[in-house]
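In the two complexes that follow, chain A is the common piece, with chain B as its partner first and chain C second.
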Partner chain A sequence: MTTLANPSLDTPSPRPPRSRNFWKKQALSYLVILPTLLIFAVMTFGPILTTIVYSFQEVNLTRASEWVGLHNYVRMFGNPLFYTAWKNIAVFLIISILMGFMVPVFLALMVNELRHFGRFFQTIVYLPSLIPIAVALLVWRQIYAPDGGVLNSLLNSIGLPAQLWLQNPDLAKPAIVVIMTWLGAGGSVLIYLSALQEIPTEIYEAAELDGFSPWQRIWYITLPLISSRMQIMLLLQIIVVGQVFTEPFILTTGGPANSTVTPVLELYRTAFERSDFGLASAWSVSLLVVLSLFSIVYVRLSLGRESIQY
Partner chain B sequence: MRSKLFVLSTLVLLVTLVLSACGSSATTEAAPEVATEAPEVEETTAPVEEPADEGPLPAVIAFPAEIAGGSPVEITVVQKPADSQPEAVEAWEAQVARFQEMYPNVTITGTDYAYTPDSFAALVAGNQVPTLFEVYLTDPGKMIEQGVAADLTSIFEAQNLDQVFNPDIMSIATQDGRVYGIPRFAYAMGLAYNISMLNAAGYDAPPATWEELAVMAQALTDRDAGVAGFSFITDGSGAAGWHMTTIAYNFGLLNTDIVRQSDTGYAAGFSEGPMLEALQFVYDLRWTYDVLPRENLNWGTNGEALATGRAAMVVMAGDQFTWIRQTYPDAPIDDYGFAPLPAGPNGTSVSLVGGNIAMVSAQATPEQVEAAVYWRLFTQFDPDEIVANFESGASNPTVVVGAPTLPLYVGDYEAALEALQAQYANLPVANYQLFLDAISSGQASMQPEPLIAGQDFYSALGAVVSTVVNDQSADPAAILLQTADTFQTNVLDQLR
Partner chain C sequence: MKATANRGVMSIVEGRSLKGRLVLGLFFAILVLTGIIIIFPFFFSFTAGLKNSTEIYRPGVNLWPASPDWGNYVEAWRRFNMTRMFWNTFVVAGGGVLAQLVVSSLAAFFLSRLKPIGSNLVMVLILITMTIPRIAYLVPLYMTLAKLPFINTSLINTFWGLWLPYAVNPFMILVLKNAFDSIPRQIYDAAEVDGATETRIFLQFTIPLSASIMLVLGLLSFIGLWGDFLLPLLVLRDSSMQTVSVRLFNLTRDFPMNLHMAGSFIAMIPPMFAAIFLQRYMKGGLTF
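Up next is the complex of A and B:
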């Protein structure tokens, strides 16, 4: 096997050493981006800090709020729905990784292998991402409809019994994961495609000369070369699925039998249906803590990609 | 045809008179006499229009000569129709223009925002509450307590309005003797049904008891055709809790028992008894009789199920017939009847009563409050406006008259208004006679919505309904008990 360092792919170019003149040279640049940085900080960290403060208060929207210590957290941990929601997220994650993680990889490999119409299929794959999510979900509601739905009609036509896709607590989660995968695959495919197209063709040519079959090429060359991208996509998937809201909000209202209640859905209801912003903020903080852990790993992985040796 | 209309008008008039005499049965107070003449305030504020002596409606408001002393005032008001209804928008704009003819200094900006508790919280948080807004009957208390609603007492007193509105509804908009809201409409829940479907299955009347309903619904259910015998809101949202509460009222649940108030605080009282019986019945409807739609319906899809023939009997508030007419103009509206809900184990039918109340933002200036209130009263009481609205029904398909709602006013004004409505009715009023008779005779009693943390209760109960109709292994008793416990800790124990 050839050993090669591929500077164009996953290895960042070495950073130039900071000279004494660094700040002198860069000061103007930093000054120029300072307003944007400030706005970004206010818009991003402002709400986060406010949420943390709210989580220790009984929030009143029109009058001064009262400090209540850990009361909101006691209520949150005392609510059985807290555990249900996080358990649901764990199951969503497992299903989405099992069912959905490899889908964009396969799609990207297929599109990449196409000699003709590659761009066309790339567009087709990305199309779901362009449809407004509420519209897409209404279409999926018709697909999953128990009576006369597209999916059940198909099942009936091949002699299989109709299913209650969104009304059966055992089926609702996988049914929603299918939609999430359909909606999200397009973006991931583009990212994988860009990674695939960065792989120098010489490697494949060498492999072909060595007598590699297409599967061997994918297994020994392609997948290792995009593996760091896959790690990052996996983390992104965890972060996105951890915040799932729109699908259960529009399709199932958290049901059936609370099987699709998620932390974001419950914090939305707590805040906006029950005007209990303190408790909702405690839920937000729980989400912040969990997702921050994954985000830290994500940032470390993105920054610390190591060169790959072959 | 003319004689039919005459009989119809007479019937509605009679019902109205009986209703007016009864008031709604939620309280035992007799309805006070209505001010049929212009109130005394007229002498001090020169009216713009001479009240019509022989008009179709008695003039109950003495509109002031000017608002805000004539200085410019801008208000934002809800209830502007959506752009998708151009005729309605045009009519609304014409109405604004007529108001501005009287008060040129008032600028009105309309929004088609429709109240929901979740979206409204965001408006409060963002300081974007419209000057004039509307809330459900469950919510005025919350608005007053949070300081969102302005005090309207002085205008109410000046116009003697407390004697015009149904006192049962007024009491919900009043706290400590101060008035904070203008009642907009009130509904009572009933059973809407498809007359043709019932006839085809051999029934000439809707069910009188819930057991009968279950049996009839079985006969009416046709899975191959996608028809459910019976339907109510089961989507797990607060609306599902609202419908479940309606059903439970018929099993003997009292709105005052849902949350019991004592010196020491509030206690959830719905974990057993009538609520559990009702929940068990709903469980049986799904898993024994199997008569519910396979899909979990929300407010819109529940109404749609009736309008599109996918449900034979539907729990509904009478005002939704207006929505059906507007949304499904081609639906066979003459085919739908409206009856009181079936009687529960103790033999009585109980109707949950709800509605909307208009309120004014507490952030409004006194001038804006005045302008907003008089705008609302103008659309609600000006006889010419009401007639113009009814008449526009001929060309405007969104103007629907004749839905079986509850009397908003008392006395002569209500009687005259309903007579006028009967004249312009474009809904089949005769089909609603069973409901109207039951309400007016007291055969169906009425109960208000739960007033202490009402929407929170609905929300908690909605999730219970979702579980019971979707999970065959669910134990209604255990779920209800757990929900009541959580509701106690998370909602009631937080109330002061």
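Up next is the complex of A and C:
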């Protein structure tokens, strides 16, 4: 619409004579974007390029850094923890998709059917995504506490044995995924709800007349119509789970038996506990490669829609 | 976007049939149960904060303390110096949102209205930053903040060390660009006829006409920054400057658990108020 209204900007034929005023306007326009470009350069582009440079260096904070070729990468690939961390991420992803991906879809479908209290439930589900994640995790740590924790007390009271939720290598990952779902489902529910409400009711009315049962309507109409959102949310989930840090950092510090070590956690430790910035940059590059692959698809898919999910 | 019509997948008639009522009743029961599970950690930290130091370690399910000790909340507030914590978090998040709004609205105005030669290239640069998660360049970002290039200043232990990286928000730029794009052309034309400069157009038309979307974006950002953890953990080393998340995390070992839970619950209250306020804007979710 905007392109039609102003032909002088978009169709430069015949090219208008460029007056001094024109160039002045160009220069002033760039003055407007200057602070943004400067901040983006220093806070984003600079660090991105530096990560790649650092990954080939032994980085010293006081002296000049030395080029070490592929040494950092050799060390990273030679460390069994590298494979453990990425395997953990893969397992986290599988569990979180199995346990968590469909939860917001079901919740949104149910909330959408209710004539009353819909808004109320929407707010309740969204509540956990609003609170500081670190604070939420401190509370969950007490819920999962091995003795005296509420969860184990509840289990005991109905005759089930207590579990070492965060201390058992088999249970730590699912226990963390439960928290991740609790934290993240609300935002997805809101997005699915808005997708559901965009579906014109006429489609359902027509299907009803054609004898489609409500379940058939969900299967043949609703799910296909929200499937593009589901794709975007799946990618977002992959990107978010790929950078899991706070949960293992606060709850398990990577244990038990390295079962919750993640690449970002190991990056953090390498850089900020062992001051090995070169090696940490190699880890960063590995994250950059994996996450950017998914991010590019995610950004392309979300820009393909006319609205942007925030 | 279409407003919520008075039916979902099921029609109203179907919803009133016996089977429909059963299904809706089941949905309602599931949602109530889910709601209880979601609320439980909030409730738990609230009541754990009311227990005295022996009761909190007593095994067994006792969700409500025998003699609630409201003094814990006062003590937590005082001993954790929560006034300070909240103020720090407010300054960090508020300044961050302000920086985001200024930087993003200028960039969006540039992309949507000024559109000089090369603005497409700027757009591509912004899109590139969207595709690279901050975590991937955290290490050099930290080192940049520790020693800014050219001026050799350290932003560690300053709020600028958070405001500057927070100012980068490519999503906000895109959402605002879309909002600015939807402002009717005629308004700009009329302003131009009146001889308004671009500065005046920006301040008198573009910004006021997008005020509500900027408010929602600002609120969402504020909530996000209020709970940010990793960057404040790295930048704010001085305990008197730390935000709620970082400070409560650092304090876990030094204080009894009941006080800690009381403090945690207090920390969850402001976002809950924000939720009630946001609810007015959450008609159909948070899509722009």
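The rule we apply is simple: the second predicted complex is superposed on the first by the 258 of 310 C-alpha atoms of A that agree within 3 Å, B and C clash if a C-alpha of one lies under 4 Å from a C-alpha of the other, contacts with A are read in each partner's own complex, and residues count from 1 in each chain.
Definition applied: a contact is a pair of C-beta atoms (placed from the backbone, for glycine too) under 8 Å apart; a residue touches a chain by one contact, two chains touch by 3 or more.
It should be emphasised that the depicted structure is a prediction, and the values quoted were computed from it without experimental measurement.
Of the two partner chains, neither chain B nor chain C is touched by A:227.
After overlaying the two complexes on the shared chain, residue contacts for A:37 are found with chain C alone; chain B is out of touch. In the superposition on chain A, contact of A:79 is made with chain B only, not with chain C. Considering which of chain B and chain C touches more of chain A, the answer is C. Once the two complexes are laid over each other on the shared chain, residue contacts for A:271 go to chain B and to chain C alike. Of the two partner chains, both chain B and chain C are touched by A:147. When the two complexes are superposed on chain A, the residues of chain A that touch both chain B and chain C are 61, 147-148, 268, 271-272, 277.
In the complex of the two chains, the chain B residues touching chain A come out as 117-119, 121-122, 124-125, 142, 146-148, 223, 226, 235-238, 293-296, 298, 310, 362, 455-456, 459, 462-463, 466-467, 469-471, 474, 482, 486, 489-491, 494.
For chain A in complex with chain C, the touching residues are 1-2, 5-6, 9, 25-26, 28-30, 32-33, 35-37, 39-40, 42-48, 50-51, 54, 61, 107, 109-115, 117, 119, 121-128, 130-136, 138-140, 142-143, 147-148, 150, 153-154, 156-157, 182, 187, 190-198, 200-201, 204-205, 208, 214, 217-218, 221-222, 239, 243, 245-246, 250, 264, 267-268, 271-272, 277, 280-281, 284-285, 287-288, 291-292, 295-296, 298-299, 303, 307-310. By the touch criterion given at the top, residues 58, 60-63, 75, 78-81, 145-148, 164, 166-169, 252-258, 261, 268-269, 271-277, 279 of chain A touch chain B in their complex. Listing the residues of chain C that touch chain A in their complex gives 1-11, 14-15, 23-24, 27-28, 30-31, 34-35, 37-42, 44-45, 48, 56-61, 63, 102-104, 106-107, 109-110, 114-117, 119, 122, 125-127, 129-133, 135-144, 148-149, 164-165, 167-168, 171-175, 178, 181, 185, 198, 217, 220, 223, 226-230, 234, 244-246, 248-249, 252, 257, 260-261, 264, 267-268, 271-272, 274-276, 279, 282, 284-288.
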